[in-house]
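We call the chains A, B, C and D, going by the order they appear; numbering starts again at 1 in every chain.
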Amino acid sequence: MDLFVIGITLILTGSLAALVVPADWKSRLSTLLSAAGCVVVMGGALRAIWNGGAEVRVVSAGPFFGDVPLVLDELSAFFALAIALTCLLGGIYGTGYLRVAPEAAPARPERLGGHFFCLGLLTASMLLVTVVQHALAFLIVWEIMSLASFFLVVTEHWKEDVVDAGLNYLVSMHVGVVCLITGFLFVGGRGAGMDFRHFAAVFQDPAFPAPEIFILFFVGFGIKAGFVPLQTWLPRAHPAAPSHVSGIMSGIMIKTGIYGILRVVTWLGKPPVELALAVLVIAAASAVLGVVYAIAQHDLKRLLAYHSVENIGIIGLGIGMGMLGLAYGAPMIALLGFAGAVLHVLNHSIFKALLFYAAGAVYRRLHTRDMERMGGIARRMPVTAALFIVGSAAICGLPPFNGFVSEFLVYAAAFSGLVGQRVALVLVSALVMAVLALVGVLALICFAKVCGVAFLGIPRQPQPPDMRDPGWSMRGPMLLLGVLALLIGVLPQAAVGLALPAARLLAGASALPARLPVIDLLQRISIIAAGLIVLTAGLMALRRLLLRGRPVETFRTWDCGYGAGTPRMQYTASSFAAPVLALTNPVLALETKLEQPAGFFPESALFETHPGNIFEAWLIQPVVNRLNRFLTRFTWIQSGSTQRYIFYGLVFLAVTLVWMAVV
Amino acid sequence: MLIAILILFPLVAGVLLLGLKSKAANVATIYLYAVLHLVISVWLWRQPSSLLPFFRVDNLNILFLLVLSVLYLGVAFYHGDFLKQSGLSPRWHTWYAICLLLFNCCMTGVILSTHLGLLWVFVEGTTLASAPFIYYEGNKAALEATWKYVFICSVGIALAFVGIILLSMSAGDTVSLFFDDLGANADKLSPFWLRLAFPFILMGFGTKMGLAPVHAWLPDAHAESPAPISAVLSGTLLNTALLGILRVYRVMDLAGQAAQARILLVAMGFLSLFVCAVFVLKNRNYKRMLAYSSIENMGLIAIGTGLGGVGIFAAMLHLVAHSLGKASLFLTAGNILGHYGTKEVAGVRGLLRVDRTTGWLWIFGFLALAAFPPFPAFLSEFLMAGAILDGGFAWMLVPFFLLLTVILFGMGHSIMQMAFGDPNPSVRRQRTPLVNYVPQVLFLAILVMVGLAMPAPVYDLVQRAAVSLGGGR
Amino acid sequence: MLNLAVNLVILFGAPLLFVGVINRTKALWAGRRGAPLVQPFHDFFRLLRKGTVISDTTTSVFKLAPSVNLAAVLLAGLMVPLAGGGAIVSFEGDFVLFAYLMAMGKFARVLAAMDTGSSFEGMGASREVLFSGLVEPAFFLLMAGSMAIAGQTSLADALPALQRSGGLLQVALVLGVISFFIMLLVEGCRVPVDDPNTHLELTMIHEVMVLDHAGPDLAFLQYAAALKMVIVGALIAALVLPAAMPLGVSAAMILLVLAAVAVATGLVESVTARLRMTHVSQFVFMMTSNGLIVLAVVLLFKFGGLR
Amino acid sequence: MINFLIVLFGVTMLYVAATSRIEAYVRVLVAQGLVLFLLVAADWQSFHLLNLLFLAVETLGFKAIIIPWFLRRVVRRNGVYRELEPYIPNFFSVVIASLIFAFGFLLAYGSLDFARDIKPLYFGVSVSTMLTGLLVITTRKMLVTHVAGYMMLENGIFLLSLSMAREMPLLVNLGVLLDIFLGIFLLGLFATKIKSTFDESKIDALTHLRD
């Protein structure tokens, strides 16, 4: 706990320093301090996880707030670890990212002061979110987190689309916090006050409408996390933000929503089955739709943003399996489910940040996010491309990378349910496995498209002369993340070891054996993952051996003998995704621009697809429009005529007088 | 003694200024009075005192007094540059100064007076003293706004007077109209007349306070008057009217007649929220938008008061939050008007590019009003929601939060359109001295301090005020 | 130990033979004598001995991909049950790793194809990922069905359970065999999903993806493709063969089943035309519906008490 | 005698509701001023001298002379003598006014048992006067009519404050204050500014500020 507090203090001093120190020191100093803070926090978190049990410190915060307990238990510690890690690397990457001037506005160093201030504030508030266990204080930290991220999203505020993104984000966050406020008030109203540690008792009191309140919390936290149908802010905000911010937000900030949900689960005790099923349905929908929308995107960062929705869905499946396990009193299933969810939080924060950073590196060179204008990046930016491919493999859950481990845990939860004796559990588990498989496949399609179209092949438009891998401040974090992705994939035991205490806390499984069978499975997996690497290396060696002394020529790609191939003849992202989109059209609200080629020598032809979002089109817009129409129907109130104004008063007076006199 | 200074200084100074007719003297006096006001209010906060039977500092009005002084201090300093820019002739310059002094004097009087009749006189005085400001720009629109302001408020005031007469009827000849007296003998009051009196008073002062449905004059007046005056109008004038209602409401409460009064307050509050929601969605003029948001916040305060208990604490806290936040927004709006020369939202783009400080002040002011932490409005709305829940009206949370969200969206839309984006190249950044930023920064800083780690004194201030209204945490 | 050796031999030897059988079948059906069964071996080693031509647009991804692909498929192969009723590597939930290793191989192939920047290979890649993608959920459903019956969660233990229980589950068994056969057609890129010896790039899937590979790279890719067919064939074998048999017998039986599957593939390829691209997805989706039915049947059997 | 005066006062309001001639309103104001003066004079013993003088000046001088004179001047200058197209036909406003009066008397009657020491008739008439004044304001269009209506409202309030039988000089004087301040202010603003700024003095001219 002490380490934790020290770390946060360091981070905050760093962010404040960004405001005061001279311009050219802002980024370095604040990044240095917050990096140090993050490291310290990681130390504290690790110690907390290994020691086990909750470290409590009660801060008395004046007459209004009263005593605010800071609790660092296994769950908080794990999230704190992930947050600190992501923010550490994100901050370092950011210094490099911002050094290159964003187009259309001079990045005058003093402008960056506010940016790094917000960055530090975001880091600190996220970390605090995981430990503050006082409803009101929690909400304040939560909102400060939202605000800090909001300001980071609008960093490049002179761009027009930023207005839309920022407002949408702000309003969504407000809706979310409204749900949270209501939830906390309901709980607090039952005499629990503001202290989380009393909430469990309230939730488990049979008179308390626990499921309804859980749903309230789920909605509130789910908006932040980006579950469908309330994810609409996400694909807007992430492209608008600078890439390191996108990485941090998509990598870890949305996970604070997951943290919130898990925290509520700890209060919930034994949830009803229906609740777990509801969570599973929402999660499945998020996973599938998220990836389907991602496939339809051409904007690289928007695509990655939609993948956050998908991964949140996978995490949600884990949580759902966990809750199902709790509901059926099957601690092992619960443990595996929660472990998968919690570990996937860390994994996703690693590979998603990696992907966003690589995308950012590309964006800095090409100044476009449109994949159709990319291509052939790998030849000029090999490191970036390689790392992006690693990230892609990881996010598709392919061995030997980290994504597979957490997904395997969720699968494990599913197939341990499968061999059980409860028909519902068997059915649900089978379906969960099918959904996970489907999502994995679609993710693979999506990233095959991204890597193939954007990074491989031939450039679709002339590349700028400075088209090369970014400097070390950007490359370092990416490399580190790539290594982590591989490391966790090859040696999953350690990472799972970090996640298991939190999972035990959630599963409330003190009954479980100290050494879990899943650990052995992980041994096998790590052997095979290592085997994959070794075998590949061996085959490459064999290949070299075979080719020694044999002719190895290069020639242009086979083009059916038509010698004048142009880059524009490559398969485009739209065409690559077309077969899938044809199948998923119903949920896409896809609008297609098609101009058929005409005549023997067609002058022009056009095929574009622009994905919509059914939730926006069919769920949110109608509500907003109806409300809007309803309200604007009352504009006659302010008609400008004095008589009418006085008449209102007269009517009001008459009514109230009569009412007062009669009642 | 101190109170006497507060009340009399403007009158004396006004006469002198009329003689002097020197701009420097005017500005100096405005500053002097502002500082004096703050010093004395703080002093009175530490040692409450009274003047005659007619003026006294008690737990309730000290809160209002302090808000008034702090806000007036800021506004006064903002005036330093504003009056320089205004290019008024010495004569009008002097009159402006005098009206400002008198306006503030009347509001102080309203806050401090212990007698209903006296309070009423001062409220009327505020109308008279503030009307010239609304006519400041001298064009048709200004005239119309002034006419509506004066006429509607006069009718309101007149009806409030009726209310007072009815109240004194219920008091009979045994009880005077001193609040203490009324409070002490609440049981002797005749309920019938009391209940008849309340609607009149509620409507009368409610008109001045800008509660729907008798809010109609407010947007016009606040939009037409110069920025610093809008700040005062919205930041303190409304509060003073509220104080009148609170005083009488307290009497109703003690007399055990509050049940319906509460319902009335809550109803008016929600109506105000609704009105704001309707007009903030489609607003074109950013000063009008701020005015509507004043209506909204008065509505919130009314709701909190009506709910009682924690709600009253929330209302008092919200009063502080709104006054300072709204004042800073209006002052910032003054800067924007200076840069762009238009009150139309459509005419303002890329504020952050034109004048960063103003832009950020604009955004932060909005956040302060939109109840985002670390601003205290968040705490007050949280407590208000809690009060609604404690009252057992869980369903009420739905319209409550729905309307608030709509308002957040409406305001946020305009605010961001103005702050973000690329400015029209023709826009010229006007010279803006430090005094055009300092007050807002000051206000927002105070708010952050209150909202993030409410210091014990502030807490006591609010809590005492709430307790003296029979509520509190 | 012997067990392991036998299995490795089957695993590594069978693929090329499998292709040989298929081609021979087609030839016989077409009334030709056809190439000898070992022809694929000759081709394979010829390719290994050749040099290679590499497209000038490609990066090292192109060179790396065949090895990654082959490695992934080989490792996946270690988990399928072979002779002696056990796999070389087998643990709870190994089917997940199995599926994802196959996917890893596919990912590598697709990237290699996209790396050439050829529109044809892009086309092929896009089809490949979709069609073989549609297989996976179905595979997991089938596994779910058999696991629910077996109460075991590894490929080797789960698959035999279907035919062991008999009764109503015969239906599930048949459907399972059909499904795995479809899977084989897809993974092996055979008619009616894909036509290995068409000459029109526009209609190819797997073949067009490897257009630009030559020499050892091509050898690796083709070997991996054949190996995949054997792997799926082995899955079919695991479904139909009784679990407990002496090693020799079961090895023979497995080879028999593999041969039968190869012949069947050849016959299908001879008698049917390839489907239109737009119809392939329906065809592959049949597998998913089978999977659902199997699951339903299993649930009825296990919990509904239907026998 | 007193009751007769009060009834007379009420009748004038009905007349206001009925007529559409602006000068009639002015005359009514004069009449009401006189009536109020007489009422004050009638129970002179309940006021001490200074106060009495003050009230006399207020009622007679201010209510009955200055304001009417002022309004007449405005009317003459505008040359608009009639309240054309009111929002509702005069007939209805008469009906409403009479209803209001009925309500007023009912209220007075109802208030009898609560009344500690007020004169019910005063009360009823004053309430109905106020309401009618508001009615006039809300149904007529000419600004001058509005001012007149407002003045009638004031008179009603004055009457109400008189209706307290016991001596309430404070309140009465406050009422006077109200008159003088706002009366002067409104008229000043109205006469000096609005006419010069807006060509016609219809209230419609003042409906530009709207949303």
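Convention: a residue touches a chain if its C-beta (ideal position, glycine included) is under 8 Å from a C-beta of that chain, and two chains touch if they have at least 3 such contacts.
This one's a predicted model, so the numbers in the text were calculated from it and none came from an experiment.
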| item | value |
| --- | --- |
| Joint neighbours of chain C and chain B, given as chain labels | A |
| Chain pair showing more contacts of the two, B-D and A-B | A-B |
| Inter-chain centre distance, chain B versus chain D - centres from mean C-alpha coordinates, in Å | 32 |
| Between chain A and chain B, centroid-to-centroid distance (C-alpha), Å | 43 |
| Between chain C and chain D, centroid-to-centroid distance (C-alpha), Å | 100 |
| Rounded Å distance between chain A and chain C, as computed from the means of their C-alpha atoms | 36 |
| Numbers and ranges of chain A residues touching at least 2 other chains | 635, 638, 642, 644, 646, 649, 661 |
| Chain B residues counted as touching two or more neighbouring chains | 147-148, 151, 155, 159, 192, 219, 279, 282 |
| For chain C, residues contacting two or more additional chains | none |
| Pairs of chains, among all present, that meet the touch criterion | A-B, A-C, A-D, B-D |
| Touching residues (chain side chain C, partner chain A) in the complex | 48-61, 63-64, 66-68, 70-72, 74-75, 78, 89, 91-94, 96-97, 99-101, 103-104, 106-107, 110-111, 113-123, 125-127, 129-130, 133-134, 136-137, 139-141, 143-145, 147-148, 150-153, 201, 211-212, 215-217, 220, 277-278, 281, 291, 295, 299, 302-303 |
| Chain B-facing residues of chain D, complex | 111, 114, 116-118, 130, 134, 137, 146, 150, 153-154, 157, 160-161, 164, 166, 168, 170-171, 174-175, 177-178, 181-182, 185-186, 189-190, 193-194, 197-198, 206, 208-209, 211 |
| List of chain A residues in touch with chain D within their complex | 635, 638-644, 646-647, 649-650, 661 |
| Complex contact set, residues of chain D against chain A | 87, 110, 131, 134-135, 137-141, 146, 203-204, 206-211 |
| Contact set on chain B toward chain A in their complex | 147-148, 151-152, 155-156, 159, 192, 195-196, 198-200, 202-203, 207, 213-214, 216-217, 219, 260, 264, 274-275, 277-279, 281-282, 350, 352-353, 367, 370, 372-374, 378-379, 382, 385-386, 389-390, 397, 401, 404-406, 408-409, 412-413, 416-417, 419-422, 452-456, 459-460, 463 |
